[in-house]
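Chain IDs A, B, C and D follow the sequence of writing; residue 1 opens each chain.
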Amino acid sequence: MAGNTFGNIFKVATFGESHGAAIGGVLDGCPSGIEIDFEAIQKELDRRKPGQSAIVTQRKEPDTVEFYSGIFEGKTTGTPIGFAIHNTNQKSHDYSHIKDSYRPSHADYVYDKKYGFRDYRGGGRSSARETASRVVAGAIAKQFLSDMKINAYVSQVGAMKMETPYQELDFSLIESNPVRCPDPNMAAKMEEYIKEVRKEGDTIGGIITCVIQNVPIGLGEPAFDKLHAELGKAMLSINAVKGFEYGSGFAGVAMKGSAHNDQFNQDGTTKTNHSGGIQGGISNGMDIYFNVAFKPVATVIQPYQTIDKDGNFVQTKGKGRHDPCVVPRAVPIVEAMAALVMADFSLLNRTIKANS
Amino acid sequence: MAGNTFGNIFKVATFGESHGAAIGGVLDGCPSGIEIDFEAIQKELDRRKPGQSAIVTQRKEPDTVEFYSGIFEGKTTGTPIGFAIHNTNQKSHDYSHIKDSYRPSHADYVYDKKYGFRDYRGGGRSSARETASRVVAGAIAKQFLSDMKINAYVSQVGAMKMETPYQELDFSLIESNPVRCPDPNMAAKMEEYIKEVRKEGDTIGGIITCVIQNVPIGLGEPAFDKLHAELGKAMLSINAVKGFEYGSGFAGVAMKGSAHNDQFNQDGTTKTNHSGGIQGGISNGMDIYFNVAFKPVATVIQPYQTIDKDGNFVQTKGKGRHDPCVVPRAVPIVEAMAALVMADFSLLNRTIKANS
Amino acid sequence: MAGNTFGNIFKVATFGESHGAAIGGVLDGCPSGIEIDFEAIQKELDRRKPGQSAIVTQRKEPDTVEFYSGIFEGKTTGTPIGFAIHNTNQKSHDYSHIKDSYRPSHADYVYDKKYGFRDYRGGGRSSARETASRVVAGAIAKQFLSDMKINAYVSQVGAMKMETPYQELDFSLIESNPVRCPDPNMAAKMEEYIKEVRKEGDTIGGIITCVIQNVPIGLGEPAFDKLHAELGKAMLSINAVKGFEYGSGFAGVAMKGSAHNDQFNQDGTTKTNHSGGIQGGISNGMDIYFNVAFKPVATVIQPYQTIDKDGNFVQTKGKGRHDPCVVPRAVPIVEAMAALVMADFSLLNRTIKANS
Amino acid sequence: MAGNTFGNIFKVATFGESHGAAIGGVLDGCPSGIEIDFEAIQKELDRRKPGQSAIVTQRKEPDTVEFYSGIFEGKTTGTPIGFAIHNTNQKSHDYSHIKDSYRPSHADYVYDKKYGFRDYRGGGRSSARETASRVVAGAIAKQFLSDMKINAYVSQVGAMKMETPYQELDFSLIESNPVRCPDPNMAAKMEEYIKEVRKEGDTIGGIITCVIQNVPIGLGEPAFDKLHAELGKAMLSINAVKGFEYGSGFAGVAMKGSAHNDQFNQDGTTKTNHSGGIQGGISNGMDIYFNVAFKPVATVIQPYQTIDKDGNFVQTKGKGRHDPCVVPRAVPIVEAMAALVMADFSLLNRTIKANS
């Protein structure tokens, strides 16, 4: 409601600004008895953290998570899991270029208008730094959902689009390159292109595709909390996301119903999967797949004109070490949000029949 | 949580199956003192109802709403507004073709699996009939939001796409044709095409574009309840929707940041609006615009093979009077859901500063 | 949030004013597959309705509930259950004595201040008529919770207190008298007393005791949503309730810990039950019991002075057919709210362990 | 839902076990622009902390809170406030007496049954240590509600009851003695009594009275979220609480309506205040007052018999430094929970009229 809680039963409340003392959260409703693999959680954070490759921002943030509660003798206790990541990169920066002026296509202006003032350091709460808390919670959700396989990857950078359908990809190649594209040839071209864009001091958008496999039938709560509606909200809540489509998506618009309908096999599976694994807002046991569109990040290292608080034009210039393309680092965030949604609906689904 | 409530403060709980006694809902949190224009509400229902033109289903449903509470002497009292639309079309149909078998790309199969059994008459709760309740609640939200202008229209049918940007359209033409496309030439072609598709016994998808104008700055509750994330969820919860994008959307992926960034004017407005009126999840006062992709509806009037409950193949055939293309009737639903989201965030925004 | 929804998963939204067209609600989250006993629901409504005996209001309201959805072939489908009770007692009354003046200890004054104006007919939303919707939802909850036994009864009227502990009572006698006190001698005295109070044109308070038996271990969600905290909220939300205590309650304050502690038997049951069946906010399998205090209702049939909207003193007089003592009719309401709480926690409890 | 979040808009999620690394929480929805008095927050924690006087537990816990986010340049930013209190008292204790056996009238048994196992160290999540997080959040709520005056005090210990009505008390004396009773004579007797009980190795219950003054008219959200219903839930969620009553409470039961009704003055105030400042669930501008009953804490330093996990009887003995009477330290907790409720309803009340 006040916007910083996600989920109904398996739910996380997050806190933290880019340059405050710490970011973190409270994960409430996580079932008891899950053996926690702490290394796996840290590994997810490492996939998201800055400085991991030549095509992402070169800031250094170790992003080490501390757990404060809810885990005892290596297992979740069913009580809330408090966690924090202390910020180590808080040295006094020069914020004069953003303190009193508004960067175009950033949240500076609207935060000032909505809240009356803002923590301007590094974007404050509107910084994508906040998503590290999501990755922690999502990593625990993944461990709860150990039967499901959630794989996200970069399928497009700028206009460079990988056309191979996910069924023909080897997901084990996703981590083999810094772009996180499972097609090594395409990945190399994307990497080259991102480097060029960075040299120009510019940025470029991209698309992440996510595939969820081994999904039980029955997840999703119509009429409003349809499975794909919550997945859509989850993805759209990630910084820089501008669009979401699942199954046949926008392309399905041009198909006729007779071609679009997924015919049944005798075991209830379907011959095609234009539905993207979801019928009427409920998982049907087929693979769920969806695309998430990310805009080019707004911080460009080029001079530009903007306005200050008093409405005067000022000339300024992006600084610092920013991402030329956000999608490689956003892959674990997409997976984390997907895991949070699936965990929540898995728990809700236990409540649906009288005798279960 | 159990999925049939939408909104946080301005919130509606809906009920009703396609062929039950009635559908309806409870709208709670609607502020007191709004003068209700009952004719305007009925007019929205009439835009959604079957039988209104030659290109929609020819079923007859008067869809007259009755209000039970929450309105006194013509004004909202601040107490919950109960309402119902009695179903008049309940005559005993022949459901033998769907009672024991599953229609492809319908929710029949997943409802049976999730709930153990289902009300199979006309699709039960998974029928788009449920959206009439949304239209009632949304029509009240519109009256609360009288300063905002919410206009939706059909911008694509099948592969037929209207390329005119919304700024060049005359929204008063939307209702001038049965397709609800404000470009009369395009509308005529779309209408022709839909009639052809209907003759084939087939269906086709489409896109609805929605524009929200006169939006105050500050609506939206990051990090998770971003304005566009809730709009996205709202749209994706509508039957047959497969995708959502706002502002530059999927096309923005291929743009560079330097071109995508919206440069400020001195008054805080921006020269371009790739952001779609939303920065960091908060409205910035510019027009909000987004696209909603609808798949071709699954009910085709052609023979097809499917399975029954026991996994046997059965041969069957769609019957009845269904929509060849759902987007013309979905226009008021898109507007209603948009109004519900904007009303909720308007109320939440009142709570954000200490001295207000 | 806007206050007319109760419960998290098994949740009901209610609507309706005393003299509007209808009252009713939407029960969402009720599991599928419950065989509904409609007569049992109507019976609960009849226990609450006016005119059932000489010691309650003599108004006539048949209180017949209509179900609109969520039940098919006699069983719940898992989709929302919409229901309404049409008001038949809407003839034009004379409301001049309350339209422009405020009855003492009624909600007239605060509704006007909070909402700007009010539906003054019969108390509007603040009338206890609203509780009929709770009784419908609670009656369904009872059918879901068929293993638990929920019995409420009148244990005190005015200063007349029945001292017999619940263990020694025969609950089958509760319905044997109009007071709903299972001790026939005490019931006769209470009835006599209520009749005297009514003759004086006055009213009197009372206490309802509720006992819940056959409760599984584990219901309740600390730290905030403790089982007794939700039971307390549920009871305090009923019109005219001023206090709630469970187990040893207020009397337990004067006990020493060594005497108050409930010693274990080997099977995990306890020798005493000062805890009232709840430890740390979670049911321990022993009987849950609690007391609910009702004030004397504010409508007295005596002349009194009060103020009008402009702050002038006015002389007026209660009219109509009101209850001299509210507790006999409140017994089914207490049971209904208890059932709603227990149903909700029963569902939540299914989500608590990783492998269940 | 999973029980560790309190409030709707002004809402706090808490985490932490007695002997884990830290306890803390996320306060979301706190309005922007509140100047934070950090000393005042710490002072509230000091009122709750162990070791502050001779009649409370002698454990040493500095209870120093660290804020991680949501406050910038001394003011709240409107973003979530993350905070933690690190536990310094984590040295390895001997828990053999509670690890495998269940203390009577503690939550040990039900946690094991509900969650499958438990963090047994010092009571884990069921320890009252958790309430320190509530005190932090409540202290911020108090600063938001600077116009309201919230004063709680001990009005009864064991059977020793202070009969003076709150209007005749000097609240500035509350902190003048370790019992937190504003009547110095009564306080001295209570203190003496608590010392005696402690010498016996026993414990005793008590009552805290809370008074809220300068309350605006209109707070509370009927039908279910009545102001007193939420206050009741808030209080009942505090460890060891067994009862709640407001205004005339349980004693009001024996009054007649003609005597109980609060007659109006011309300015809308009332001559008496049996209503306790709340009519129909909404504040009427008069003082709100209520009583909260605390049982004697279960940890007695006396030998007792109990059962182990396998149902065998074992002989054991309470250890450590526990509170002989919990009410003196619970005073700031009652105030904190009251502040959280009032802050939440203050924000909700802003949303209630169309033009505000």
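Going forward, a contact is a pair of C-beta atoms (placed from the backbone, for glycine too) under 8 Å apart; a residue touches a chain by one contact, two chains touch by 3 or more.
The shown structure was predicted, so the numbers you read here are calculated from the model rather than taken from an experiment.
Novice: Out of A-D and C-D, which chain pair has the most contact pairs?
Specialist: C-D is joined by more C-beta pairs in contact.
Novice: So which of A-B, B-D or B-C is the twin of A-C, meaning more than half of its contact pairs are the same residue numbers?
Specialist: Residue-number overlap above half with A-C among A-B, B-D or B-C: B-D.
Novice: Would you kindly tell me how far, in whole Å, the mean C-alpha position of chain D lies from that of chain C?
Specialist: Computed value for the inter-centroid distance: 26 Å.
Novice: If you average the CA atoms of chain A and of chain D, how far apart do the two points sit, in angstrom?
Specialist: The answer is 39 Å.
Novice: Quick one: which residues in chain A touch 2 or more of the other chains?
Specialist: 1-5, 8-9, 14, 29, 32-33, 78, 114-116, 125, 348, 351-353 - these are the residues of chain A that touch more than one other chain.
Novice: Can you tell me which positions in chain C touch chain B when the two form their complex?
Specialist: 1-5, 8-11, 13-17, 20-26, 28-29, 32-33, 66-70, 72, 75, 77-82, 84, 114-119, 124-125
Novice: Provide the residue numbers of chain D that touch chain B in the complex, in ascending order.
Specialist: 1, 9, 29, 31-34, 76, 78, 144, 347-348, 350-356
Novice: What residues of chain C sit close enough to touch chain D in their complex?
Specialist: 1-6, 8-9, 14, 102, 104-107, 109-111, 113-116, 125-126, 130, 156, 158-159, 197, 200, 202-207, 217-218, 220-226, 228-230, 232-234, 236-237, 239, 242-250, 252-258, 260-268, 270, 274-276, 279-284, 291, 293-300, 302, 304-307, 311-313, 348-349, 351-353
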